[in-house]
Structure formats: C-alpha cells, structure tokens
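Below: the structure, in structure tokens.
Naming follows writing order (A, B, C and D), and every chain is counted from residue 1.
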Amino acid sequence: MKESIFRILTNKQIAHDTYEMILRGNTEHITRPGQFVNIKLDGFYLRRPFSVCDLEGDDLTIIYKVVGSGTEKMSTLVPNEELNLLTGLGNGYDTKSSGKAPLLIGGGAGVPPLYWLAKELLAEGKQVSAILGFNTSNEVFYEAQFKKLGVSTLITTADGSYGIQGFVTDALTNLESFSYTYACGPEPMLKAVYDAAETSGQYSFEERMGCGFGACMGCTCKTLYGDKRICREGPVLVKEEIIWQG
Amino acid sequence: MKESIFRILTNKQIAHDTYEMILRGNTEHITRPGQFVNIKLDGFYLRRPFSVCDLEGDDLTIIYKVVGSGTEKMSTLVPNEELNLLTGLGNGYDTKSSGKAPLLIGGGAGVPPLYWLAKELLAEGKQVSAILGFNTSNEVFYEAQFKKLGVSTLITTADGSYGIQGFVTDALTNLESFSYTYACGPEPMLKAVYDAAETSGQYSFEERMGCGFGACMGCTCKTLYGDKRICREGPVLVKEEIIWQG
Amino acid sequence: MARLTVNLCGIELDNPIIPASGTFGFGYEFAELYDINCLGTFSFKGTTKDPRYGNPTPRIAESASGMLNAVGLQNPGVEAVISEELPKMRQVFDKPVMANVSGFSIDEYVYTASRLDVEEQVGWIELNISCPNVDGGGVAFGTSPEMAAKVTAAVRAEVKKPLIVKLSPNVTNIAAIAKACEDAGADGISLINTLLGMRIDLKTRQTLLANTTGGLSGPAILPVALRMVWETYKAVKIPIVGMGGVSSSEDVIEMMLAGATAVGIGAANLIDPYICRDIIQTLPETMDKYGISNLKDIIGGAHG
Amino acid sequence: MARLTVNLCGIELDNPIIPASGTFGFGYEFAELYDINCLGTFSFKGTTKDPRYGNPTPRIAESASGMLNAVGLQNPGVEAVISEELPKMRQVFDKPVMANVSGFSIDEYVYTASRLDVEEQVGWIELNISCPNVDGGGVAFGTSPEMAAKVTAAVRAEVKKPLIVKLSPNVTNIAAIAKACEDAGADGISLINTLLGMRIDLKTRQTLLANTTGGLSGPAILPVALRMVWETYKAVKIPIVGMGGVSSSEDVIEMMLAGATAVGIGAANLIDPYICRDIIQTLPETMDKYGISNLKDIIGGAHG
C-alpha cells in the first residue's frame, strides 16, 4: 500500500452516468488486476474505493458510475486537479489458475477490473472471452476496448436494447467451453454466475469500507477458509471458499 | 441583503499575511461603506465576514489578514474560482454627520472599510485625513492608495519600523483639528481612540458571528441605546452609545 | 402540493418544514428574503417570562460541519414578544406559529406558556426543557424523566393548544424521557436540541465561548439526531418533530423515515438563509427520485 | 524530544499520541507503513474472552465530517490475541502497549483483563465499558455510575497493571461516571468512545448499518469530546486519555488544554494511515507557534 498524490489527466463520460478517469502518479504498489485504489475527495470523510481498470506505467485508469454524492463530485473534477490515493489495495486476481480459456463476466460497475485482467491473461498467452452485462444500451461501455484487445466479447442488456437480452448468465449458452471464471459485479449477479458456471473461478466482492487497508474490520465477511477482510484478503475470493449470506 | 455568487478577479498578497481580493458579482445590495460581506468557504461551516474595502460597479474589493484556517484557505484561491457571498450586511458608516474634516483611524485589518469610506467622504467634498496603524513595516498596506485619493495619511507602527512610532493615538498630536472620527480596528485600539478623540464619531466593532444577518443573536452587545446585534444594528456604533465591556 | 402535507397534532401543515427555534428570529428578517408563508410553520425564538440579555460574547464557535452557540436564550420576555414581536410576525406570516417556551422553574414555564397559549397566532406550544432547573439544583429539566414529566404535566394543565415537548439530547435514555412526557400529556415531541460541546482557543488558552460550553448543531449531529428520533418513534405514539443537522431535502426524507412527522431546520438557516424555501422547492423532485408519492407515507418508514 | 513526554499512570510516554482501539488493529498493518515505535503507545483492538465475528455488514456508514461503525468488537478472543497477535506485535513495537478489554459480564471483563495483565508487553489495561451488560438487562456498563464502579472494582482487584476505564459518551453525566470509576480504583480515564448514531438509506428505506445503530466518530464529535474531557478533568484527579475527532497537532493541544494527559486518535487513522506519525512530527512546530515549551505544562491549561 502507498499513499500518494495523483494528477487527473482526463475525466470523461463514456456512458450514461459512467465516467473514465485517467490519473498519473506513483503506481509502483499496484501489482495485480482486481486490486483497488481508495480515493480521498474534498468534502467527504471516507475515501471511495475503485478498481484499477487499466495501468500503463504511471497512468492509472478507473471507471466509475455516479451513484451518490461522492461519485457525483468526482464527475465534476477537471484535468490537473490532484487527488490523494491509497494504491495497491486488496489481493487482486490470480491469473495462474485460469487454465487456457478463461471467461470474464462483469456487470455494470463490475466491468472495469476485468479490462486489466484481460490484458494480463492475454499477455500470458490465454484465450480470453468476456460477457459484459448492463441494464440498457446507453449504459454499455468498453465493448470496443475489450474487442480491440482480442477478447471475444458478448454484451447483454437486461432490457434487450443492445446485444443479447437478459442477464450475463443468459449469454453463457452462447459460449464455447471455458476453463475458468473471473467475475465482478453486484452480488446477485455473482451468485447467479456462481450457480451457473461449472468451472472454478474467482469472484470479486464489494463492501462498505472504513479504511480499505485492513485496520478497521469494517468489511469482514465469512468464508469457508475463515473470516476475511474484503479490503485485504479480498476483494477477490475463490469460488470454493464463498459463503452466500441471507 | 443578497446571496449571490461572485467570481474572483484577483487575489494577491499586499503585505505580510495580508491579501487583497477583487470579486465580481451582484453588488446592488451594498449601499454604504462600513458594511460587510459574509463569505462561504468550502470545508468551513460558518461564513467569514469581511468589510467592503472598495466598490466599483460590480467589482468588490476586500482585504483580509490570514489569522486562521479560513483566511489561510482564502489565500490559496485563484482567479475565476467562485464564492458564495451574502452582501449588504450591517448598517455601515453614516457620512452625513462627519462635519467638514473627518479623521479616519484604522488599525491592521480594520483599515479596509476606511478606504471606501474615504472615497465617499471625499465625493461629498470633505477634507479627509487618516491615521493607519500597524505592528511593523512589512504589515503596512494601502498607504499609497489613501494618499492617491487625496487623503492626508499618517502611518504608525508599534515597533517604529515605519512611519510614526507607537499606536494610532500617538499620531493624533501630529494632526490639525478634525471634526469627527471614524474608527475601525481591534477593540483595545477603539477604546484608546474613544478616550483620546475629543470629537464625536463612529466606531466599527467585530464579533464572532453565526449568521451575519440578524437571525441567531450570536453577536449581541449592550449599548446605551439598547441591545444591538453587531451584524445588523452594527457593526458601526456611534460614540455616544458605546458601552465598553470588562 | 397535497403530497407534502402532514398533520402535526391536529393542525395540517402544507409541508413538514419548520425552521427551528433560535435560528429564525420571529420570522420577519427572513420575510425580507422570501415569502415565509411557504413554510409548514416556524418555531420562534425561545421566549422566557422575563427579558434576557443572554450570555456574554463570544457566543459562537465553529467546528467541523457544525457550530456551537451559547446565546443563552436572549429574548425580550413574553410581554414584549406578545406586544411587539407577534404583531410584526403577523404582517408576514399567516399560518399558526410554534411558540418556543423556556424557563428556569415550573412556574415560569407555566406562566409563559399560558400567556402565549391564548394568542391567536400560536398553533403549538413547544416546551424547550433543555434549560437548567434553578429550583432543582441547576440540572436541566430535560435530563430526567421525572422532571420532564412534571413540567409537562404542569404546563399541560394550563394550556389548550397542542403541547410539544422539546428534548435535550444530552441524556442516557432519550426514549424514557419522551415516554415520560407523553404519559404526562404531551401531544408531540420535538428533538434534538443541541449537543453540549466546547472549543478552546489555542492562542489565549481559554475556552472560545465566554460561557465555556455551548450547543453543537449542524450536519455533524445528524446521525445522533436520527438515532434519537428513531428511538423516540419506537417509544411513543405522538408525532415527532425531528431536527438536528438537516440541510437538504434528502435529509428531510431520512428524518421522516426515522420517524419524524415534521422536520426542524436550525443552523442551516444561518449559513444559507434561503435553505428552507429551497428545500421545500426541491422536495417533490427528491421524492420522485426515491419513489415517494406522498410524504405522509414515509413517516417511520425505516422501522419496517 | 523531552518536550513531548508525558506520564500516563506511572509510565513515561515519548509523546502523548495513542492510536485508539479498533482503528489500529494490532499495529502490524501500520508497521508496514512506518516505524510505529514513534508512537507514545497504542491501544489494540478491543479483546473479549471468546472470539467474536462481530456484526453483519454493512458495518460502516458515512456522515458529515465523520463515520459510523458497527463492527461489533470483531476479535479472535483473548487466547488467540495472546498466542498469535501479541507475538506479531512484539516484532514491530518495543514499548508497552495498551490492552483494550471488552466484555458482556463482569466475569468476562475480569477474565480477559487478568489474562492480558500478566503479558509483559501490556502496559495498561483499558476497560471499554460501552458494552451492553447481558446480566444487567443489556444496558451498557458505562451508562450508570454504579455499574461502572462495580466492573472497575472487580477488575481492579485482579490486575496489577494500571487500569484505565474508557467511558461511553452516551450519558447524561459523564463526570459522575468518571468519579465513580476513580473511587472504584481506576488509575486513569479514557474518553470518549463513539456517540450512538444511525443513517438510513433512502433507496432501500432501511437503516444503512445492518446493526441499525452504530458509533459516530471523527471531527464531527470533537466539541463533544472536548467538553466531556473538560468536565471529567474537573471531577477526577487521575490522568485522562482524551479522544474523539482528533486529527491534527492543533487538536492534540486543544485536547490537552481541556485536560487530557495523552490523546487518542481513532477514525483519522483510517482516512490517513500516516496521521499519527505526521502529528508527532508536526507537534514541536505547532507548540512553537503557540508558545508551548513543554506539553506537560498545558495539561488542563484552559481551566485557569
């Protein structure tokens, strides 16, 4: 973990209520896709956690959805403004266990970390496919980016206004066999993927966080491998350890 | 009173810990020198009150001394940033009662409102002199501006590093007779002027404020004419009504 | 507009917004800024039997997302309020107003409340029981269920208008005090008054407020206020005026979900004098956003 | 550096800065960030007799200048703390540490405190009496002078190390409770724990915290903490660890002027993990600014 100041390079809307922000700073503590950064915003007490969507040298990309007053505020920030970030948080995805043909499944604001993950898996010579689920056509983002990487990408929308109608799991039948599942998205989606996918896999969870680095026990969850802090022993859990709460 | 957004035109240091800020906005509710504005700053709950130092059409000048975290923050603001101001606050100085040769006496952060007051008195054809007191030479500001108006201006510094050594009252003997006194500055200075000046006059007071427009009773003081709110029936009191507290 | 109306102790309010006592004077300063008839009602400055100058200054200090005040109930006394303030208020406000009554003995409370009760403009008596009981060793009336019940019952016996008792949050068990007031005849509960706090000036090494301590209000106290409204809602059946840190239409809805029938807005008026008008204007839009067709439907809505 | 030292119940601290329990784990997470031997000491995560998972999530909510937590004393239990956490802590921290002890009955408090008392690394026992007393109908130990005295006396009889009792601020009369603890044998008082608060999610119309209510901490509560330290200082002779919202060297000085001998820093560690180190580094400069040559000189300095 490292606390440092990042400078905003760009901050632009890429879909309905969805923004892509590129920040420049010290990224040396970011080691794995699936890790996150925790951002201090003026006027808000707690930091806001966002997954690393892409990393190129000193340049860090996040994609965020405006859901409340903090992300609303973020959407108003302009290039050259500076933000205090804690970087290198969380365990991140393990790419080793993926097999030859991993499938990435993302829902909405869960899509971003899968982008960097796809790059890493491709760099390891794997054949990567992805199902990216959204509510409706104007919320779809990064389809072109995934495809450009060489990921065979399916898009689903709940209302059928774009791509395959339905949830991410409805697209599973459209796929050749895959060796492993990486999933990130809202908990009901994760659960549906967990139930539908026959392979092993890694699932990334969200929880309200006090610190984001393991100090407050604010984000604990139960797993079959013991109690874990989503911010430190998570956010990524392996399928075999997950316990679904009520 | 009016609440409106002002845009910063300039914000520059003019003496040790002392800044001049020019703001553009709706000034139509500012009617008299000695009135003040109450400024909302991001990150601070209460507004900060500052006297109107000058007014030219839509352009409002304030001069502020950095004394705490709010004024510290103000010193970092840059042109084009916007501030929410309540304008037209307080009674202000009455120029009618000044006689032909009013004397203005200001101490430190009490100097600013006297500048616009001087302009108004001069416009009414009066012969204006001023004694401006500071602690030390690097804190002196606006001497040239007062002189340029045509105000015969004496500067005092407590340590004698510039102008007349001593307090503003030590300069009184250097003056021809004057018809009336307008004073603004720290309370011990006001008291000294009150005791030393033989003329009638108007004295401007400071108090910690909750609202600045008469709603909270946070700033009440006792006067011989009854209880008054510094923010509304003040900040200017006439000499005859002043009661000095312990 | 009917989607904003609520019923407070038998009187219909056009909306639940009530500027809180001590932050809205007697209304006419704000009437210079906007037509205050848009308000549900307002609670006027805490009134006592005799005129009070209040505490020495400084009476105000700042803190993170909040402010401290130690005004000390400055007011011209009930006679002057009736002869001077109410007539001025009538010029600018057509609706029933809430009369905030303070006192330092039960007799004083009863006297002041009775004098105001008969004024036509007064819709409710709001009994501020955060004041020290001079006869009871200087401990605030609002800090024990027994004292709170006693003063409530004494005033209840003498006034006809709905009686709302305003509680102090500086207590171990707010629900017990609210219940004691209900049992003693209160028609409503309002809460919270300010949290006791202080600041020290590092330069002088003295307390910032001349009175040593003061009352904390503003957004800093919102979570405490919500919790106390929540606990009180569970304990009593009478309506609650919830307040403490409310500064937006979202906060109003949160307070109502916790159990408030109407919502007081205090310190926020001092920072943004138009806030009550603006909240009333934005309420319908915020309700739409959260799928609320009628405010009455959400009172206590988070209690499940 | 001697200008920063203070004496807490007979043990000299290099400086008054003490990360507060529950916000610093067992220290080793922070030791990855900086050498935590720069601290006066720290108070480790509230430890109970048995392991506790704590409350369901969400356990965290935000508010203006503050946060709510309902962690619910998650900890591995005193045996695991002794066998696993203390050895790891010893690797990174050479000084005596403060052992924060929680419980749900007097027996539990006594058991846990006694087990930790004999550990060499433990300098002080900090008894967190904000917990509900299961035998006493679920009311928190810290809410009545009698219960507070009882648990203090019981633990005092069994432990040798200095005993610091940590008070809940959710009470009518903090000074009375502090005094009761002093009379029952406490060597020090620490305060404040969190203020009880809540938030409601407008989208779901449910309480944000799964546990309904939680503890408010952060800058929002600083004025309340200062007032309670001030009142406690007047009531007791034993040293006070003051905390609640402290986030800067200025706040540390303000807390000491109110009466604190040492100063706890809680939520601020979560937002800025380097804050305690940074405060210790800037203290001398801030002291110079306010003409303070030695911190010991200003303890209770605002009491005149």
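What we mean here is this: contacts are C-beta pairs under 8 Å (C-beta built on N, C-alpha and C of every residue); 3 or more make two chains touch, one makes a residue touch a chain.
All values reported here derive from a predicted model rather than from experimental measurement.
Undergrad: Would you mind naming the chains that touch chain A and likewise touch chain C?
TA: Touching chain A as well as chain C, we find B, D.
Undergrad: From the centre of chain A, which chain's CA centre is farthest?
TA: B
Undergrad: In angstrom, rounded to a whole number, how far apart do the mean CA points of chain B and chain D lie?
TA: One centre to the other, that is 46 Å.
Undergrad: Express in whole angstrom the distance between the two chain centres, defined as the mean CA positions of chain A and chain B.
TA: Between these chains, centre-to-centre, one finds 56 Å.
Undergrad: From the C-alpha centre of chain A to that of chain D, how far is it in Å?
TA: Distance between chain centres: 36 Å.
Undergrad: Name the residues of chain D that each touch 2 or more other chains.
TA: 61, 63-66, 218-219
Undergrad: How is the touch graph of the chains shaped: line, ring, star, complete or other?
TA: ring
Undergrad: Mind giving me all the chain pairs that touch?
TA: Applying the touch rule to all chain pairs gives A-B, A-D, B-C, C-D.
Undergrad: In their complex, what parts of chain C are in touch with chain D?
TA: Counting only chain C, the residues touching chain D are 61, 63-66, 68, 143-144, 170-173, 195-200, 202-203, 205-207, 212-213, 216, 218-224, 226-227, 230, 245, 250, 253-254, 257-258, 290, 298, 301-302, 304.
Undergrad: Can you name the residues of chain D that touch chain A in the complex?
TA: Going by the criterion above, the answer is residues 22-25, 29-30, 32-33, 45, 53-54, 56-67, 69, 71, 74, 208, 218-219, 267, 269-274.
Undergrad: Would you tell me which residues of chain B are touching chain C in their complex?
TA: These residues of chain B touch chain C: 1, 3, 40, 44-47, 86, 207-211, 213-222, 227, 232, 245.
Undergrad: Enumerate the contact residues on chain B facing chain A in the complex.
TA: 42-43
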